[in-house]
Amino acid sequence: MSLKRPASLAQTSDLAQRYAQIRAATMALAADLSDADATVQSMEDASPAKWHLAHTTWFFETFILAPSMAGYRLFDDQFGFLFNSYYEAVGARQPRPRRGMLTRPSLDRVKDYRAHVDAAIAAFLERDVDHKVGALMTLGLNHEQQHQELFLTDILHLFAQNPLRPAFKSPEPLAVGEADAVELSWTAFDGATETFGHDGDGFAFDCEGPAHEAVLCPFSLASRCITNEEWLAFMADGGYRTATLWLSDGWATVQQEGWAAPFYWEQRDDGWWSMSLRGMQPVDPAAPATHISYFEADAFASWAGARLPTEYELERAVRDVEIAGNFADSGRLRPAPGPTDADGLTQLYGDVWEWTRSPFTPYPGFRPPDGAVGEYNGKFMNGQYVLRGGSCATPPNHLRATYRNFFQPEKRWQFSGLRLAKDV
Amino acid sequence: MSLKRPASLAQTSDLAQRYAQIRAATMALAADLSDADATVQSMEDASPAKWHLAHTTWFFETFILAPSMAGYRLFDDQFGFLFNSYYEAVGARQPRPRRGMLTRPSLDRVKDYRAHVDAAIAAFLERDVDHKVGALMTLGLNHEQQHQELFLTDILHLFAQNPLRPAFKSPEPLAVGEADAVELSWTAFDGATETFGHDGDGFAFDCEGPAHEAVLCPFSLASRCITNEEWLAFMADGGYRTATLWLSDGWATVQQEGWAAPFYWEQRDDGWWSMSLRGMQPVDPAAPATHISYFEADAFASWAGARLPTEYELERAVRDVEIAGNFADSGRLRPAPGPTDADGLTQLYGDVWEWTRSPFTPYPGFRPPDGAVGEYNGKFMNGQYVLRGGSCATPPNHLRATYRNFFQPEKRWQFSGLRLAKDV
Amino acid sequence: MSLKRPASLAQTSDLAQRYAQIRAATMALAADLSDADATVQSMEDASPAKWHLAHTTWFFETFILAPSMAGYRLFDDQFGFLFNSYYEAVGARQPRPRRGMLTRPSLDRVKDYRAHVDAAIAAFLERDVDHKVGALMTLGLNHEQQHQELFLTDILHLFAQNPLRPAFKSPEPLAVGEADAVELSWTAFDGATETFGHDGDGFAFDCEGPAHEAVLCPFSLASRCITNEEWLAFMADGGYRTATLWLSDGWATVQQEGWAAPFYWEQRDDGWWSMSLRGMQPVDPAAPATHISYFEADAFASWAGARLPTEYELERAVRDVEIAGNFADSGRLRPAPGPTDADGLTQLYGDVWEWTRSPFTPYPGFRPPDGAVGEYNGKFMNGQYVLRGGSCATPPNHLRATYRNFFQPEKRWQFSGLRLAKDV
Amino acid sequence: MSLKRPASLAQTSDLAQRYAQIRAATMALAADLSDADATVQSMEDASPAKWHLAHTTWFFETFILAPSMAGYRLFDDQFGFLFNSYYEAVGARQPRPRRGMLTRPSLDRVKDYRAHVDAAIAAFLERDVDHKVGALMTLGLNHEQQHQELFLTDILHLFAQNPLRPAFKSPEPLAVGEADAVELSWTAFDGATETFGHDGDGFAFDCEGPAHEAVLCPFSLASRCITNEEWLAFMADGGYRTATLWLSDGWATVQQEGWAAPFYWEQRDDGWWSMSLRGMQPVDPAAPATHISYFEADAFASWAGARLPTEYELERAVRDVEIAGNFADSGRLRPAPGPTDADGLTQLYGDVWEWTRSPFTPYPGFRPPDGAVGEYNGKFMNGQYVLRGGSCATPPNHLRATYRNFFQPEKRWQFSGLRLAKDV
């Protein structure tokens, strides 16, 4: 979590504004949820919406208000136990698999909690804050944005467990989807030794740095993500039944779980449908395939005679693209045209997270920050793979070229897809 | 399910009245629950309150209105899938461990469902009903009363998972409890060949009959249930650490689960407390021990140099007591004084279910009824033990001398305790 | 374990002779086994052959030689830990699921152990022994006979795990099998109050007594066990796919385990084969169906419009038959002809154990013997069903009318089958 | 698996000699094992000794004799099913967790199998072999050497399950051990871009290449491995009870498994002992700590204010050392003195495998070989960490600077330890 530039008075005013915006965006997500919708935990990996609302609030209360605001009183002494996620240094907590047992406090009371903390933060930011607190505020906001995305992936998972297949929001097209997938082409990149990772200019999570050099061999990248149509071809060719395409652990998972299609897909008389935030929808052949595990992405790449990219390869491709301010109406970043290696690449942001073949490891020289927030990312650097890009559920202004998302190779409930790469 | 006497017009009027009373009693239980409270499933054995409300309604809709009321339209086509419990003959259903995923329909919509069915039943009962339908109505009402009890045991379990330990109802003393446990004495019964089971006069569940003869050897029964004070003595004497007191499966469970006290007990600086429907309460030494598994009850009996009674022994004791109309203010049945073998026995009803050493098996000549309701009890006749009596959570007018409750020997979330017996 | 008649000098000489015979019979079973065959444990329920050889020896050493023979020295101090089965009162032991880890001591050393104890017992029996020791000797011999049977069922299970499907003994026809199944007929029995259980005359295991009265309603029994041909008809009629035929726990097991035929059955191009002690053999349509769980037996009976008998019903049937000394060449007991209720019944002993619907519970007045041998049966009186009769793997002179074998309802590796009963 | 230089006649003669030596070394390991010792599988990760003997033989039969030797007849048609490890392309096989069920074929028959294949290979090598077959022969021999090490780690695990704690070989000091651990010092290395991985000169496994450039930041390495004495200090300081030292998955494992010391350690009245190939031995404070999981190694490094090295860092250190022909009597490689960066480093080979923080991933440009041997390493590139160096159980002439061993982070039964590294 680097925030090198000092937080001046002007900046705290920005901070207050950003705080208000981001917190309001979270509340907007919860607008149509019932108390019950917001309370149930559908699997150990997912958290209840209410928990997301409260935990992000607890973050500000615990790391900013309690230590730094004179005279601040905790909203509720017991919320520390209920809404700590995994900070061992902070203390004991409700076990993760039992987050769905908390029918109390109610959704309304959690909203009161948010209002209480929001008011305190607003008062707090009327004065100047030092660099450390400014950095924690920024971390808290990025943290909240991460939970906005998890809020969506988790509510989708919950609603997918319900035979009624409710829609989260029927009118809004919050979904992966492109009606006009173009022919897949390949873009070649030269080998080079370059600097990767975050250089400390602007916010980044701790795991994105330090910046460091790495060698890249020549490679090429597919111009777009793999589509559902291509995925259906993989299925039709026996992809899920051909052991030699799979990593050993992947094949074991396929057999144990009976995987035969992406997560959320259902075969009906009139073809494949998929659960989405708009309820059940026919699978769109032109849209990027999503809700794919790393194991599936890797097997697909083997089947296609290609491989998954490394995280450095994707970082280089994204960096080569001018991305400033270039949002399409749908809220998706599109590369600007220009004479770079990455010319021709699309869907780098805003559709699906792209699995890379890079395990989530510390960069050279990485050291977790001191204190409890040092547990933010470092202790999860085992058994996970990096995903790059960002999905339709990611707040558009939350991403950057160095962003490292990460999940275990068998997870499928995120908006995760793949782009192919090749050695040259 | 025997209902031998014909349902006359007068009786259908009674039926309507009883229906209204019992259905209202169920609604009263839900009065203070939030949508979230009513939705979450805290373990596979327990069901959400909302599910209890809907399933009991589905029972009337499926077994009475749909087949017997001309022109009846289902409230919602999908509710059959959602709220069937285990009737294979009726069709597919939401898997039991996933009942807590149903954040929709909401609690309010389930209440609408109840109102819809209640109105239809009221209309339906304005005409005469035949014996078969009358019997099914009576079964449905007894079924609903069973779920009233499960509603309470399940909500207690849910609230016990919450670190806030909410109270279901704070003002009301719905709990096991006797402030004045008397000295335990023994009542002797002669051996005899007698008739047990339900003789068909009035309602009984199918498993309570047919009436049949069985031989009883001489035995004695303790005058009351084992108290918490006695249980504490068992604990202090190493009861939970002494393998030779336990059934082999029981000892394996003790070690695997780390049992060292009754379910819901918590040791605090000032002694033992227990979760209850009124929230956490100090363990009352004089109250009957409860939330005890069969394994624990059996080990206690071994430790005490006694044994658990058989279900026939308890049936005989209860039958010997005049129980007609003898309710205490607290809603507990008390035996009337009288010169019977059972003189001196207390707490037969209304405190805790009493584990017997009798596996839940079919009586001689038992045959499940035809049709789907034949699945009511018969298919569960494996791996469970009979409990007799009735607890503080049982509707007082729901019990009778032949009533057979049953659970697996490791279950602890019911209001289950024990009374000792001895061979003479 | 009752042995009421005093053990006189004459009897100890008998005892020595019986000891020598039974111990030799055990050794004969191991004749063709390799060290590896005798060491591997194929599942938690089964024990290695070597373990059976050693444990039965440990029984004599621990309960007779160590406490009663002056100057006896243990063969090896560590064998007490290795070969105690489940006697908590005797001390710690190798966990049951880890019995197969004992590649040392070798099979040869275990044979030395047997020889050492045999010599000591022979010397010990040259003097008179008191009643208590005589009873323990008899118990030890019956215990050894039980393990002879388990030796066979367990080695069959082990060999069935091996894709080579080795034969235990190829020349000998040790198998369930009747080439000439006759038409099934029914024998009716009147209702009556009779005495059941062992009356103390001759040896019986503790759980067979005390003798006690019980009421029997009128019933009829099938003349023979269900054959493979009948089982194939059940399968062909969808027996394994029809939920309503099954106990709830049974149906869950069918689905979880994918049961579609008896244990050890394999479908080949030319029909069904079954693993046996003679290796793979075609399923004989006329032979009694075996390696059937209780759940399957119960579902079959439902399908056939009948039920399983109770243990009292089978005890009465066997007792009605004159069984003294009436062995066929094949080692199977056959009822003598005679004008009894049970006229016409065959296969009561020596083919398959017959599942009864009676849970394994204590008889009225049952108390386990004092001391460690009190753990022999009593602590297993939970979650199991009684089987009556005896199988082709049971030593023929080991059985009697009151014998109660018992297993959990999902177990299939014993030679277990069924005979139908009906209410009259 | 690169073997670039052509196999000439002279080389096939070498090959025959190396074949004979390596195969004999395997047989020597089995010299003192009984049939039972060689048959039992002590956990899913370990294989029976007999299986190792047969599987390595199957490798030569399947990949060389069957396809390349005219007229070769399989020793036994069923061995392909029994002794295929994981080659999906070759066909079905005995499931890994069931390898210990194979009491047949006997150890003697497996030895016959080895002799049969050895004779065929000897005859086969009398003629010239082409490059491809030569490469497969070399692969087969290196494969056999890998199994020699697994043979030892697996038999140690088996014997550790036996309460008798048998010694594999009592006279021989096959064990980790240094009686004279010197003071730990640090050696600094400059940053640089260098070539890593195998360059194709001589044998290497497929995953060791291709050679490729990578950037190394400046770092220092500890002069020797962490000792038991240092590990005891970690334990004494609460290392196993301090959550913040551990990776999140590591801490979950510690709690679930109850880890409180290295695998095989046992606390006795006179201190810590450890199971070894010589039976139970006191823990030697000066010896390298071993039987440590990655999780433990990583937590130790955190506790020590250091980190684990990357695989490149260790490869660079080893390469800097002149290792040619410098074997100590104990069979351990020792670096020759010389003016290199790595001056002062000891224990690089021959004591314990050293965990690195590098996940086992494909090097840039890696492609598995065509055919079944393409499954050798590539499909395991998930969820494992690279270990470098080599242990006391590794054949000394089997190692090289580019060797990549790999295991999951929770595994402890290998001779695995750690050397610390630091950023400079």
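What to note about this one:
When the chains are written out, they are named A, B, C and D in that same order, and each has its own residue count from 1.
Following the convention adopted for this analysis, a contact is a pair of C-beta atoms (placed from the backbone, for glycine too) under 8 Å apart; a residue touches a chain by one contact, two chains touch by 3 or more.
Just so it is clear, the model here is predicted, and its values are computed rather than measured.
Because chain A and chain B share one sequence, their contact can be compared position by position; here over half of the interface residue numbers appear on both sides. If you average the CA atoms of chain B and of chain D, the two centres end up 60 Å from each other.
Chain B has its Cα centroid 47 Å from the Cα centroid of chain A. Centroid to centroid, with C-alpha atoms defining each point, chain A and chain D lie 38 Å apart.
Not a single residue in chain C touches at least two other chains.
In terms of inter-chain touching, the protein chains here make up one closed cycle, each touching precisely two others.
Of all possible chain pairings, those that touch are A-B, A-D, B-C, C-D. Residue ranges on chain B touching chain C, taken from their complex, read 86, 88-89, 193, 212-215, 217, 243-244, 246-251, 295, 357-359, 361-362, 364-365, 375, 379-383, 409, 423.
By the touch criterion given at the top, residues 34-40, 42, 50, 78, 81-82, 94, 98, 100-107, 158-159, 161-164, 166 of chain A touch chain B in their complex.
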